[in-house]
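Think of it as A, B and C in the order they're written, each chain with its own count starting at 1.
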Amino acid sequence: MKTAVCIKQVPVFSDGKMDPEKGVILRDGLVSAMNVYDLPAVETALRLREEAGGTADVFSMGPLQAADAIREAYAMGIDQGYLLSDHAFSGADVLATSYTLAQGIKGAGKYDLIICGRQTTDGDTGQVGAAIAQWLHIPYAGGVTAIISRKPDSITLQQRLDDEQVTVKMSYPCLIAVDRSIYISRMKSLPGKIAARKKGVAIITLQDLEDHDPQHYGLSGSATKVEKIYPPERTHKEPIMCLNTADAVNEIMKILENSKAV
Amino acid sequence: MPGYTIDRNICTQCGACRKQCPFSCVEKTDGVYVIGDGCTACGVCAEICPVKAVIWQEAAHEAFDKISWKNILVYLEYHHGIVHPVGIQLLGKALELAASCGCEVYGIVIGENAGEAKPQLLLYPLTSVFLYEAQENFASDLYEQLLSDCIGKLRPSIVLIGGTAQGRSLAPCAATRFRTGLTADCTGLSIRDKDDLVQTRPAFGGNIMAQIITPNTRPQFATVRLNMMEPARKSEAASVAFITCASAHPAKSALEILDAQSLAPEKDITRQKVLVAAGKGIRKKEDLAMLEELAVLLGGELASTRGLVEKGWIKSDRQIGLSGHTVRPELLITCGVSGSVQFMAGMSGAKNIIAINQDPEARIFQIAHHPVCGDLYEIIPELIRQLKAAKSK
Amino acid sequence: MGRSLIFPIDDKYQSYLSDESHLTGFADSISFPGNEEEIRTVIAQARKSGQSITIQGGKTGIAGGAVPQGGHILNLSNMNQVTSFRTTEEGLFLLTVEPGVTLLDLTREIKKLDAKEELFWPPDPTEPSATVGGVAACNSRGLTASLYGDAKKYIYAVRVMDADGKTTEIICGNQSGKAQSGIADVSKVHLGGEGMFGVITELTLILLRKPREIWGICFFFSCEPDAFSFAERLVLYVEEPLGAKIAAAEYMDRMTIDMIEERKPNTSSIKELPDVSPDAAAMIYVEIHGADEAAVEKYAEELLEMAEACHVAADATWAVSGEYEVEKLRAFRHTAAESANLYIEKISHTYPGICKLGMDMNFNGQSLASVVSYIKESAEKNGLKVCIFGHIFGNHLHPNILPDNLEQFHKGQEIILEWAAASNKNPGEQNREHGIGKVKKQVFLSTVTEGTLQQIEQQKKTLDPRGFWNPGNMIDT
């Protein structure tokens, strides 16, 4: 069975590095790691390989340093990693990113199952998986919380759709997006980590893809454009209210009414 | 290729662009500043350059016939005979947008016995609702095909879909089919120049707000989560046309639904939007019932400080703090919590914190957005009473 | 201003009568001064009323150092500002802070500094909510102490206020205080002085450059002798390549692992770590720090070979690198201490009076194997449950007795004295990373040498003749 996992290298935040006033990420010391939602996706692929044999590869799109995220996957036991990296790919939105990944996967071989994480910690959109499935004309199921069973030509899984749990069967090839809770991902082993440093990552550039028209990738191939970014409105901190019960309750009711959460 | 570039002849190497780039992609090689990979064209460098050395280079775009795409289509998620409340909220937003640009609002319902959605929709002032009959159980490929069929016929400028589990697969699949832009989980939407949808959403875990447009393609897709927008108001003057539709080329779903069961809502405190936290101001175990009631009324869950867990009054999966869970709810109400460093480290990311405590010196008041100094034993019962009254209205 | 500074102890301040040791004390009043002027006011008031003062920071101590035995509680948690940062000509990175800055705050503030390189403050005791003042007062160590050393190495200067409200600037290691008090290096008294000699109102910390490469590795052993064998090799035979050093080597027994695993689902910091195999009888966590990735990797390879010679399954090891990932394994190790403390907190609700029964001694000169078997046999003989974890270098172990009732608690107190006597092969400088406070006083007094005790008593007489500061800590006055 041939499985592919889409992963992304993202910045990892620690309080001190985000300027809350300007809403800007402070330079230097930005640590990058594999998107934490992708770890269970890699784990799913590894477990399927343990059960069914075959191979488990990863694909990623990013600058050359994203190879580090692929090495993290190697240390977990992934077979082959592909990094789609080219100046032409940069500035891509979901449309262009998913197209690039789809092209890369198509060019690398025939995969039975493609697995994505639920979302990324930087973009938070959770759409790339479904979009890749659309480009590849294969069925898609998101919110997967468990793999129920696996046959040589199909897979049965459990999805969580808001307040419903659905059991669905799909034939290969297909694409699934797994929920973070599906598995606790394994730790990298020491021999795995040592070997990963020396293992090669296949770099795929624009010219390597079947469609090498730069207009279809990166900024050109994107349909959305970020016009501007600005810091978010923070909830204003009020001074202490020392009120009688009736007034206190009225104030709280006002806050609740304005809150989008209730 | 379009994008920002730095004109070396004008650049004075002051380094401001490199310092301010939120994505850390301005590189300096041999004293020359270059915009590298990872540029999202946010434009901060262009704005900040004191000598205007950062310039935008356009690319030639095929003219897209935007003008022939008009009006707004709202996906009205329909399941078990109920139109999902997010759909009514999207209608509300759509009607507001339509008023600002003089266009019409349409709805689409896909599901089993779609016609039974009529009574739920006929009092809203939209133009028509397209009804597509399909299997009860959501199958992304089937539903997307029908949605796209409708879009192909209607040619709306804007398509709004709820940010639900359904919407999360429907929207990207449809947007990709039309080779157009989709912005997910928008917190703000407005129209500019009569047709451009200005889409606002948080990114980087909420640390940045991004304003996005879909300049050259149509339709403009956006998803919005539940409770982000105000629901539409019913109108006496409404006269909705219900149009039963079918796809010209019906397809069979590649997803075989074997079983569907409704699930109890998530109890995990780290996944809640609303939490009510109990602290040592709670005098006895039985008093937690009142906080539980409040939590349920607000659609949330009960959580606690370490002290109450160790007393055995509440289970440890409810514990917030350094040695417990880290939570980031939209709304957190703390009751009788003094605010130890350990506790606050586990919830300081909450967006909106109401703290109720009798001690004006309580440390929790240093980080609470709404510090309320008072007796929780009087405030909470009254609050519950008022919430129940408001709900029954 | 009209705002009260001193509050009588009533219901809402009950939690200030104990620290993490769960020893409960008593006091008349408490204050939360925000600056030195306010401290001065509080001191004057306490003296006027004939009260003694107990100083508190984060109350994370496990020896009862912050537990009051009457008098007034001076809680410094509101003095939590970072004052200034500078780099000296010699290249020292100095950060001046108020004593109530927590380690959590400190890490965050250091990240925000406009320094050319990434810096950190090496002392890293378990509790991130501990305050810098408290760390200084206990001269705490942490996971990486065997490489970096204890807290006093990273404190450049302190400002101390005495019972008259007078402040003195002390540059640590400097002989400036000698003429005044007749004490050779007065900083040595305050650092590790557990608040007995005055209150520290400001500290200047020495920050280090973060090592460029940090690896954290967990080795799991199917039987204890294998773990001991690995530990022995680590201490005696390992060849360190140039450019890499072992920064931490931590032993954890099965009981410790079980306690961590039990807490795991409800502890955010370690929730997503996989389960430890039930076959693991013990584990050892090693950290390698270095400037050069290749050297660190070489060291890791050597350790892997060593581990395989001790029958470790190479594929079952855990290995991470970079601070972000290493934090997860540190959190795992820190949960060991936390779970032992939380066990005590829970049982103390059923049986008030039970407090922490942990030890903090080094058994230098003996093998890890002999120490662990001695402790385990002793515990078993007396029908007591014990979990053992600690630092392999120096055999600096923390056996924690886990009593189920008062009888076991009292037995545990006796047994600890026995163990202390057995460990006391090297009298003189006691390893006191947790502090002595009140809880470890008995043990301390039974093992301290006459000379050391006299020295401490003399220092107390000189710097705090009225017995004003932290009565009950370490010695009887």
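Going forward, a residue touches a chain if its C-beta (ideal position, glycine included) is under 8 Å from a C-beta of that chain, and two chains touch if they have at least 3 such contacts.
Quick caveat, the model's predicted, so the values are computed rather than measured.
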Overall pattern in which the protein chains touch one another (line/ring/star/complete/other): complete
Chain pair that, of all pairs, has the most C-beta pairs in contact: A-B
Distance from subunit B to subunit A - Cα centre to Cα centre, in angstrom: 18
Centre distance in Å when subunit B and subunit C are each reduced to the mean of their C-alpha atoms: 44
Averaged-CA centre spacing for the pair subunit C and subunit A, given as whole angstrom: 40
Subunit C partner contacts - residues on subunit A that touch it in the complex: 12, 14-17, 26, 29, 31, 33, 75, 184-194, 197
Complex contacts: residues of subunit C adjacent to subunit B: 7, 12, 15, 32, 58, 77, 102, 104, 128-129, 263, 265-269, 271, 335, 338, 342, 345-346, 349
Touching residues (chain side subunit C, partner subunit A) in the complex: 107-112, 118, 217-218, 272-275, 293, 297, 300-301, 303-304, 314-325
In the complex, subunit B residues that touch subunit C: 270, 280, 306-307, 310-312, 316-317, 319, 322-326, 338, 340-342, 345-346, 358-359, 361, 363
For the subunit A and subunit B complex, residues of the former touching the latter: 11, 13, 18, 20, 23-25, 27, 30, 62-63, 85, 87-91, 93-95, 98, 121-131, 133-135, 138-143, 156, 159-171, 174, 214-215, 218-220, 222-233, 235-246, 248-249, 251-253, 255-256, 259-262
